[in-house]
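Alright, structures below, take your time with them.
Two complexes are shown next, each including chain A; its partner changes from chain B in the first to chain C in the second.
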Partner chain A sequence: MRLDVEPLDGTGAIIAPVGRLTLTTAAQLREAVDDLVANGRARLVVDLGRLEFVDSSGLGALVAGLRSARAAGGDLRLANASPQVATVLRLTNLDRVLRVHEDAASALADG
Partner chain B sequence: MGTERGTAPLVVLSATAVPPWLDALPAAFATLWERAPWVPAEDRFAVELATTEIAANIVRHSPSPESVEVHAELDADAGRVRVTLRDSAPAADVDLDPGMPGPDAESGRGVALARSCVDRLEHVPGRGGGGNVWLLERTTGAARPVPDDRD
Partner chain C sequence: MRGSARRLVVVRVLVVLALIAGVNYVVWRWLDSVAWSAWWIAVPLVLAETYSLVDTALFGVTMWRLRERGEPPPAPDGVTVDVFVTTYDEPEDLVLATAVAAREIRYPHRTWILDDGARPSMRAAAERAGIGYLTRSSSWDGKPRHAKAGNLNNALFQTDGELLLVLDADQVPDPAILDRTVGYFAADERVAVVQTPQYFVNVADADPLGSQAPLFYGPIQQGKDGWNAAFFCGSNAVLRREALMQLGVVGYVRGVTSGVRRALRTAGSVLGRAARSPEAADPALRAALEALRAEADGARRAVAAGEPVADVTYRFQRRVDDASRTIVAGQVETLRAELATLEPELLHGGPLEVDAEIGQLVVDEEALDRLARRDLSPLVAIEAVRRLADAVDVGRSDEAQAVMPMSTISVTEDMATAMRLHALGWRSVYHHEVLAHGLAPEDMPTMLQQRLGWAQGTVQVMLRENPLTLRGLRTGQRLMYLATMWSYLSGFAALAYLAAPVVYLAFGILPVQAFGPDFFVRFLPYFVLNQLLFLVVARGVRTWRGQQYSLALFPVWIRACWTAFANVVLGRPLGFVVTPKTRSGVHRPAWRAVWPQLAAMAVLVVAAVVGVVRLVAFDADPGATVVTLVWVVYDLAVLGVVVPAARYTGLPAPAAPAPVRMVEGRGTEDP
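So, the complex of A and B:
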């Protein structure tokens, strides 16, 4: 998995995982979120447009990211999920806490 | 070709239960779908996800994964996809029908998610008292009765 990180004004960032977010790659996402939050970027959008596959370890990393972003006064929002990724979020009831927005811009604009 | 009971499975993969094994699963499934092109995309995804979860569980819960052998058989016929995973780890004590953890939990979703993706999920001790056998089966395509929306 590759992670493309794009800083956004002073306090935000868009994180785009490319490939498979699973047990073997979830730590990478956790570390990236922790780094961003530690550097004052807690308004995060995870752009799922190029994510091919996500498993429960990947979901755990998203939940951990949501927590650390919120603890720092920010938020973590999802954008651009494929129907498959949206299905996984629904099956795990995570769509209740990790709402998926159409794109990064609307994810940032919301609330 | 492998569509009748008793014939060899379409894809076989043997490895050691370390994380690279998990990274080898996508290619094994790609081969399966090449050999069973009739399986609808939705069913492919569900079986691959369930298998990934159980495989990750084997890796995570093996006391010394580098000494655990795993053997995966992937098979499909006109109406179902069947995956058998055999490992040489100590007999697992696992609840195959746990509830889905709450949205704040950072872990514990694997088996529940696997369960929601297949119609059959079974675990039996390996023959001779060693290891574990995990059986996953999903009815596919037109043979699927109703959309499976258990959660």
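So, the complex of A and C:
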């Protein structure tokens, strides 16, 4: 899995995981989020558009990211999920907690 | 017909016959044989007999699908496995011996010691032996620790194997343990757990403490396996990470939605009261409070309508933060003073309290109500709501990890985890081959503590997540969980079985109409068929020790039911003790630990003497007296097990691992 990180203004960033977010790569995402938050970027969007596959460990990493972003006064939002990823979110009911936005721009619009 | 198929036919025929005989007997008892004039003993007795019939029926259902799996599917190459050796305070050489044996397991894997004691010397020993070492990360500081479940949850986020083998510190694995179990996961991608037996090497042949549970790690687990309900028993089991993580994510969603809903409800009433208080006379302040309350109510409606919780709480927290910035600003000192009085109510003994025994965060409904009813000044109300919203948020800042794969609702994490996995549609396998050799308690008090802990945990699960109503379970699975929980109610039945003969022999009050031919013609077939079923299921191995303990430990079972009920329903502490793995102190017979049994035996003996005197000197009914005396002899033979057990001090010398490959049945359902 590759992680493309695009900083936004002073306090935000878009993270785009490319490939498979699974038990072997979940830690990579967790660390990336923690780094961003530690550097003052706590308004995060995870762009799922180029994610081929996500397992429950991957979802766990998203939740962990949400937690650290919230703890720092920010937020973590999801955008642009493929059908496979959307299905996994629905099966685990995670879509009851996290909304999947159309794209990064609408995810960033404050709610 | 294959041997196992033939055996299954015999078992099923016996189950049907035993149940017909049992129903015939118990229905007759209710309709024709209860001595209603002595209802205070007659009704408990017939209830106890009904309890036992249900127990037989559940046992019969378990045996109906007895599944002998035989050779496991071959383990394919390339599966990544982590082996976890869990420890809290066991001696380091014991832990290390297990970990070194784990390192020598043939199938490629990584070995980790999960040291909840965080001992530097343990870490050094692990490093010298080339074994991984994990302790709790700093995120657990000041958070509920959730005992062994927490230890495993912590390790899950520091490792990344597809499968994990869980071993207690004193369960030494066979080098073949993964070769023999990994294949199940490859053969069926819905398999979440493979459990192997727990077998103890430090147990004398007579097994006075009833440590080996070969009826459970044998026919009972094989029967549950037939219903896809084989239990995960905490050690000697391989689990699929994906299944556990999914459990964690699903549990997270459930915890967050219910927690947020509750917090918003409380926030609404706290703010409503504050807006009506005389201190909110300032119209601007009152308007702000009202607006915030409308916000809380709106948020609650949005969650109920299915709007993603993260969006709702984010918005709500922003509003509360804004309000507290504008209203509270400039009055910080006043607020601080007021908060000092409220602080304990918010945190300690407040609505969000940590249960000391299991480290479980308990949302105390009563305290939430109290908080909601309190007249708070507007300032404090806003601050309280702000903290409430923070505490029960989608980030779950109340917990060390947002996602807790291993269930934390009970002191026995294993059963609850297995039940939730089954409810999510995962499968379990019981592989009947001894692949680890463990240590059993070596004295009576330790054994009693261990049994108490298991029983408490089981009853806790029953009360917190009733298997009869838990969504996602199939009927057979519900019955399998019910069967285990039901077996722990036997303590109450034992009271009736002990009291009834005493009441007759001592006072001549018969709880049944008569012990005539009507009784024998119904009771004897039931009794004989029941024993025959046990005999066939156990394949000739003694089941006597287990039968003894299921009755003789009645004080333990009753205490477990009562304390678990008080804990779950009344919110009292459980008084749970971690099972020590080595014996402690001097070995004196543990008479005090079994005083209720000794007292019951004394009463039975005295009653028997009185009964004989009444027979000889007065004209007591000879038939009833003889039957009751036989009954007393049976009770004494059952309770008698505690005498050698209390004197037992373990094996004289350390035993070499016994060359046992397959275990056979004996004992009750008492995992």
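Please note the rule applied: the second predicted complex is superposed on the first by the 110 of 111 C-alpha atoms of A that agree within 3 Å, B and C clash if a C-alpha of one lies under 4 Å from a C-alpha of the other, contacts with A are read in each partner's own complex, and residues count from 1 in each chain.
The criterion applied here is as follows: contacts are C-beta pairs under 8 Å (C-beta built on N, C-alpha and C of every residue); 3 or more make two chains touch, one makes a residue touch a chain.
If you're wondering where the values come from, they're calculated on a predicted model, not measured in any experiment.
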- Please indicate which partner A:92 is in contact with in the superposed arrangement: first for chain B, second for chain C, both, or neither. both
- Task: Using the superposition on chain A described above, determine whether A:27 touches chain B (first), chain C (second), both, or neither.
- Result: second
- Query: Counting only touches as set out at the top, which of chain B and chain C does A:8 meet: first, second, both, neither?
  - Reply: neither
- Message: A:60 in the overlay: touching chain B, chain C, both, or neither? Say first, second, both or neither.
- Response: both
- Identify the partner contact of A:18: answer first if only chain B is touched, second if only chain C is, both if each is, neither if none is. neither
- Intersection of chain A residues contacting chain B with those contacting chain C? 23-24, 55-57, 59-60, 63-64, 67, 92-94, 96-98
- Given the complex, residues on chain A that touch chain B span 20, 22-24, 53, 55-57, 59-60, 63-64, 67, 84, 87-88, 90-94, 96-98
- Task: Enumerate the contact residues on chain B facing chain A in the complex.
- Result: 19-20, 22-23, 26, 45, 48-49, 52-53, 56, 59-60, 100, 102-110, 112-113, 116-117, 151
- Message: With touch defined as at the start, can you tell me which chain A residues reach chain C in the complex?
- Response: 23-24, 26-27, 55-57, 59-60, 63-64, 66-68, 70-71, 75, 77, 92-99, 111
- Touch list for chain C against partner chain A, complex: 157, 160-162, 241-242, 245-246, 248-250, 252-254, 256-257, 306-311, 314-315, 393-397, 401-403
